[in-house]
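Labels run A, B, C and D following the written order; every chain starts at residue 1.
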Amino acid sequence: MAFPAPSDTPYATGTGAVFQITSTPLAVRRALREVLDHSIMSGLSKDARGTAELVLAEALNNIVEHAYGTDDGQIELQLHQTGSRLSCDVFDAGMPMPEGELPAGLAQIIGEHDDLPEGGFGWYLIRTLTEDLTYRRIDARNHLSFKLNIEQ
Amino acid sequence: MAFPAPSDTPYATGTGAVFQITSTPLAVRRALREVLDHSIMSGLSKDARGTAELVLAEALNNIVEHAYGTDDGQIELQLHQTGSRLSCDVFDAGMPMPEGELPAGLAQIIGEHDDLPEGGFGWYLIRTLTEDLTYRRIDARNHLSFKLNIEQ
Amino acid sequence: MDLATETQDDLLIVRAMEDRIDAAGAIQFKEQMRSICQNPQSRVMLDLSRVAFLDSSGLGAVVAVMKLLGPGRRLELAALTPTVAKVFRLTRMDTVFTIHDSVPNGFPSAV
Amino acid sequence: MDLATETQDDLLIVRAMEDRIDAAGAIQFKEQMRSICQNPQSRVMLDLSRVAFLDSSGLGAVVAVMKLLGPGRRLELAALTPTVAKVFRLTRMDTVFTIHDSVPNGFPSAV
């Protein structure tokens, strides 16, 4: 795979980390443990860590489920911290997003018992918890980018 | 007011427009008519025009209501089109956002009759309909920035 | 805010005559609906065929009108234009109101 | 997915013993809950005190368990850790479940 090297990303200062992840739910679980244990996350509050794990889980699992589906695939996660923001860049070579753009992430309709939603929460959570959320399809690759506020 | 001049914004190509808006609901309504009638919006589909009007109305009315409240104030809206994206930059000199960051824009709880929500939809709509949503407080000014996909 | 009314037996039809229900007009809309809804009809239908634009304040006002009808009466909506329908759909408030494609026969056409 | 159960009269308490209910474990969790819920108790309470992390797949599985209990029985939740509580709050699913701060006396403490 030839994802842009982290050195290509336009960050002048701060610390960074790169993770290579195979496209399976178990590999995502292992990668999240590695990410959360990495020194780049050590300054975060418990709450910010929980939010970061949640957003990264949603982004990565969406790729496993929807971009690669039953295909094997590779995911690259680049993290970069500058000041109060953790920048996250996720690359994959799977299917593009529907209609080539970010899913709307609508609130789910909370109906009665049998009509309760069992899915469709992923993009709502990502939109709600991130800043600077961007999706680009370039050279048959998906690039999802967002920032997390890690202040407090 | 000394909002950054549109020439300071880092756009190399495309077309732009700048609007000065007084902080009242009627001025926002008039400004939206002007924006929608501007040549920068002429290439948009009916659907994209509706979405643009909605997102701009929510962003501007939030400033009138929450950033300036009962104070007089000035708002500057900068629009810039590049390819399939309409970049929107909104500046005001009112109160900062709560906790200095973008409101979460949670889905409203749709309860029974008397508990139905009458407000709180604004940031949910902005988050759902935009890309690259960013908020920065700089030099006692608010800068809200987002992009609209105007393709289709 | 200009509102036109018509009654059909137990149905009160209210047509919004302005092309927008927005932050600048939401309170006035709500107050005028309040007095119109003194009428005794048990069904109230709001004809939105002329309303091209409604923002979150307008949505809030429509919800407020639904509430002030009280528990025994419901607000129904008719003839939503595309952008207005989108606001109801995105916020899921389309699950709260009975929404009709058009008003029942008898009311003069909006266009 | 390790699940421990205890009954208190008409109440079945199920404690998730893993520290996460995520995309990799959601289906297994649901299947094990399905067989545990063959028990006849009318109240089922899921003790989440040991679960530090739950993603949207885990949330979906909890909702699915609620549904497979059928209309006469409800799933209650207890002892949510902060990040798990946040997922329920953000998605508004905290309005769907009865959520208890802790499990009733009797169940050995999780910590």
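The criterion applied here is as follows: a residue touches a chain if its C-beta (ideal position, glycine included) is under 8 Å from a C-beta of that chain, and two chains touch if they have at least 3 such contacts.
In this text, all values refer to a predicted model and were calculated from it rather than measured experimentally.
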Contact distance in steps, from chain C to chain D: 2
Chain of greatest Cα-centre distance to chain B: D
Chain A and chain D: spacing of chain centres that average the CA atoms, whole Å: 26
Where chain B and chain D are represented by their mean Cα positions, the distance between them in whole Å: 41
Multi-partner residues of chain A (at least 2 other chains): 104, 106-110, 124, 128-129
Shared-contact residues (touching 2 or more other chains) in chain C: 90-92, 95
Graph class of chain-chain contacts, one of line, ring, star, complete, other: other
Every chain pair in contact, whichever chains are involved: A-B, A-C, A-D, B-C, B-D
Residue numbers on chain D that touch chain A, as the complex places them: 20, 22-24, 53, 55-57, 59-61, 63-64, 66-67, 71, 82-83, 86-87, 90-93, 95-96
Chain C contact footprint on chain A (complex, rising order): 104, 106-107, 109, 111
For the chain A and chain B complex, residues of the former touching the latter: 99-102, 104-110, 124, 127-129, 131-135, 149, 151-152
Residue numbers on chain C that touch chain A, as the complex places them: 90-92, 95
Residues on chain A engaged by chain D in the complex (per definition of touch): 24-26, 28-29, 46-47, 50-51, 53-54, 57-58, 61, 64-65, 107-108, 110, 113-114, 116-119, 121-122, 124-125, 128-129
